[in-house]
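Chain IDs A, B, C and D follow the sequence of writing; residue 1 opens each chain.
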Amino acid sequence: MKYLYGLTTAMITPFSKDGTVDLDKMKNLTNFLIEKGTHCLYPLGTTGEGFRLSVEERKQVAQTVVETANHRVRVYIHVGAVNQEDTIELAKHAHSIGAEGIGCVTPFFLGVNDREMEEYFVKVASSVPDDFPVYLYNIPQCAANDLKVEVVQKIANRCPNVVGVKYSYADLFRTSEYLTINQGTASVVSGVDRLFLAALAMGCHGTVSGVACVYPEPFVAIYDAFKVGDLEKARQLQTLTNKYILTLKSGCNMSYFKEGLKLRGIDVGYMKAPQLDLTDEEINELKRQLTEIDREARAMGL
Amino acid sequence: MKYLYGLTTAMITPFSKDGTVDLDKMKNLTNFLIEKGTHCLYPLGTTGEGFRLSVEERKQVAQTVVETANHRVRVYIHVGAVNQEDTIELAKHAHSIGAEGIGCVTPFFLGVNDREMEEYFVKVASSVPDDFPVYLYNIPQCAANDLKVEVVQKIANRCPNVVGVKYSYADLFRTSEYLTINQGTASVVSGVDRLFLAALAMGCHGTVSGVACVYPEPFVAIYDAFKVGDLEKARQLQTLTNKYILTLKSGCNMSYFKEGLKLRGIDVGYMKAPQLDLTDEEINELKRQLTEIDREARAMGL
Amino acid sequence: MKYLYGLTTAMITPFSKDGTVDLDKMKNLTNFLIEKGTHCLYPLGTTGEGFRLSVEERKQVAQTVVETANHRVRVYIHVGAVNQEDTIELAKHAHSIGAEGIGCVTPFFLGVNDREMEEYFVKVASSVPDDFPVYLYNIPQCAANDLKVEVVQKIANRCPNVVGVKYSYADLFRTSEYLTINQGTASVVSGVDRLFLAALAMGCHGTVSGVACVYPEPFVAIYDAFKVGDLEKARQLQTLTNKYILTLKSGCNMSYFKEGLKLRGIDVGYMKAPQLDLTDEEINELKRQLTEIDREARAMGL
Amino acid sequence: MKYLYGLTTAMITPFSKDGTVDLDKMKNLTNFLIEKGTHCLYPLGTTGEGFRLSVEERKQVAQTVVETANHRVRVYIHVGAVNQEDTIELAKHAHSIGAEGIGCVTPFFLGVNDREMEEYFVKVASSVPDDFPVYLYNIPQCAANDLKVEVVQKIANRCPNVVGVKYSYADLFRTSEYLTINQGTASVVSGVDRLFLAALAMGCHGTVSGVACVYPEPFVAIYDAFKVGDLEKARQLQTLTNKYILTLKSGCNMSYFKEGLKLRGIDVGYMKAPQLDLTDEEINELKRQLTEIDREARAMGL
């Protein structure tokens, strides 16, 4: 099955001022990211404000990305929703439109126990064909639920299409444990941008990065350097990349991503309430900081 | 304005086997709780699996409780939703059907900053009349967002109907700080059942309890003892109540509430996926434990 | 046995500029606190920078306080040390000089398991007579070890002189569990000044406060109001007291206590390295804030 | 200056049954570790139960290791103590006996602020010559104090012999930030055994491991594989090593190290109270588990 690997960009979602999705801008963003070298795309996740959209809107966004990408890169649709019914509907839809696979977050807000966690993911994974890959997505600091290693293994035992875990928390002990699932063949992708190189060294297949939505290039460069065994260069690139990550707030506030893209000439519209756009003051400070890091990046040949 | 006080019961929601709401059972539950002496009712909150319901279903549940209660006790509808539009629609609906007020949880999963938090609640509170009371609901361990004291004060400055905070986390430093809002006139209700007496002593108006959905009596008794200054009796009752709370899992798993109610003769149906009903083994253990505590309760005259 | 109750003041230790203990100043402080109404004294604990002193110095301080107090109030000596041998030597010494009892912190820095925790305290408590009261002292945020309820019960089963727990962390769930030890007869004193009233309401015997070293009066007043059932007054006093607590940094930095005492006319010397004295700027800001709260206190009749 | 690198073994301390240090056994352990290939030695740290020893005993242990090693490997003495005077005395002693350098933990139990932290380390580092290397040691989960990046930078600006940080907490964000100190030239060694490979990939000079006291070989093998660019082999070795680490309790309980060494034929005596030796049951279980992992290790050519 096709795994996520290298740089998977967690895409933001462009909104119009009235909070509706802007599909044209989504198309442009898709093209921008592919041209800049991203290996895979991941729309409608946390970074994509996916939970704020209706099921219908989510389908439209998914379709736009899949069609625009047209298999130039792998597209995985995030399908997790507050309702299990919606999640399953979105999973089936992702398969039907030709996405390469799906990711699905754990239930959130309401606590689930291990048995509920297992049954939930089995139901979702079973709703799509056995050869349609599914990543379980664990982001405990947002979801207030944690996905245990032994629960993943139980799910993987029951569902051949559960290929791995997308883990967006900086606990590398856990990461190392996920990497032992299925006798070490599970695919683990990290959502912790600042530890991309460390994750690769440990055996992760890649990173799923929101910051890469604005700056895919340094992430691609880290992966390339790592692949040819140039760890020293990879380290220097990671150090540079960390500056972008901190400046763009690591995914805590997607308005920084949207404004950053605007500064690069890609208009991705507005945030959706309750998320707000940046103030002028914040934009100016962001511009100032990015200009400085851009200069450093150019000096490194990026 | 009418505050929440004493025992506010956070109601569970009865579901049919297929996951649809069972309004008849909701009606029965409403009557049961009023007959047992609850001072206020709070449907559709965390305990009520509210986020799993459609907007339409939430309106039906709200209407059922308000009509059944018929102002025998105060009914506050929880209106928080993943979408701001839904939240506002539910707030207006709660007012239109004659509820005494509303509660609204912070945004969840996606992080919001202080400015976004403030604007969100101002929008919600402004969507209903100035004399329709609103409680801001903070449950950071589920929502992954925290509501700061100074943000509440800013909101309260802008919205006269924001009367207080429902706080469901066991940080009593924060509780004591919320109690200083509006020069000490804010209404703070605690969602931490085991600290009901401590919260009352500190000046909270009452508790919002999920466990009370099954056993309202000891909570009412704590409040009565406190009101007449009999702290020693209140302490003994709290110690007893804590046993019920721990046995019923403090609201971490509402299937314990549903099964507990069944054991008391109130059928409240099933859980909604991904939440699962208890296993037979779990039910038997629950029955055993509750029987023992019931005996102790009777010995105390409950 | 004689319990700690009401206000137990956790005493700071006055040092000369060269880091040696100043026993004359310790004597003055003891007299000041007794005159202001403290019910008990607790020297050489966390607040007293006890671990920085040699065993010999700790004995001198203990003797000074016991002799000066001369049974006007109860004196409990804190005897916990990094070495078990030192702890036991200090425990025996405290008994020999006529202290009313001792407190002993858990082992710290190095983790201990439940069995080690139990044996440690049994050894310490068994080194003094069966009628010489011992409080187990749990302050996990400093000691990096936590004292479980069931471990306390095991120790209490083996040692009749283990009368209770001094708990300096703001987890009131745990507090309520400690209160069930020995069928609810254990003596629990709280080290969380801001929750003094809440702790009393729950059944704690009192507070052990470092801030009270500077301002014993409002703590005594809270206790008095609570004892006569005037919860409203107790709440107002707690609100005032909280301002002192926050201004004096809640015991995170004892230089605030020393400077605060100096402002009240009690010279308690210097901090011991690595702890440093406040800067002039910090002193001026402290003076400004305390003056304001003092005014408020006077308006309340303190 | 000579850095710590590769495998630095954090040595345990052998005690006689009466709690006194057994220097002969310390000598044997030193030889064992050097023969097995450890690159550096680090006695008297957390793993070494250093704080339980008297200053005199600590000097004897330090001398024994330095003399036995006789510069075959680098020896860094841990000198942190509860008293600043003791720390400085131990630092001077370490220099006087010909150790290659020292490590020094932050103050512990009592909180220190940034200014106090800075002054403390400046005093310690200034007590030894400018070319005698000092590692600042941060282990916040034990010390209850955290060493900020900017504070390290300030100290390094004032003390040329402060060459880096030994960081024993699994926060790799912080690790990556320490690596930027002194324009990226600071030496950072990780105390998190399970992330040795990840730390090396990020640019750390090595690991300081307690588990390596029992099993130095796999750590040396990881380092060798990493050095020749064979990441795949390094990963397999790390996976194996993690099993040893978990079985030996990662340094939470040094009696596992002592028993593990005994099983390998190296008698390192007893634990010092309040730490206790393992029970027979625990020893049998440990033996069973290690036998299994040993078999796996042999299959990998170790």
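The definition used in the following text is that a contact is a pair of C-beta atoms (placed from the backbone, for glycine too) under 8 Å apart; a residue touches a chain by one contact, two chains touch by 3 or more.
These numbers were taken from a predicted model, which means no experiment stands behind them.
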* Structure fact -> Expressed as a multiple of 5 degrees between 0 and 180, the CA superposition of chain A onto chain D rotates by 180
* Out of A-B and B-C, which chain pair has the most contact pairs? -> A-B
* Label of the chain whose CA centroid is most distant from the centroid of chain A -> C
* Would you kindly tell me how far, in whole Å, the mean C-alpha position of chain C lies from that of chain B? => 38
* **Residues of chain C touching at least two other chains** => none
* Structure fact -> So, in the complex, the side of chain C touching chain B is made of residues 170-173, 176, 179-180, 184, 194-195, 197-203, 229, 231, 235, 238-239, 242
* Structure fact -> Per the touch rule, the chain D residues reaching chain C in their complex are 19, 46, 49, 51-52, 82-85, 107-113, 115-117, 119-120, 123, 141-144, 252-253, 273-276
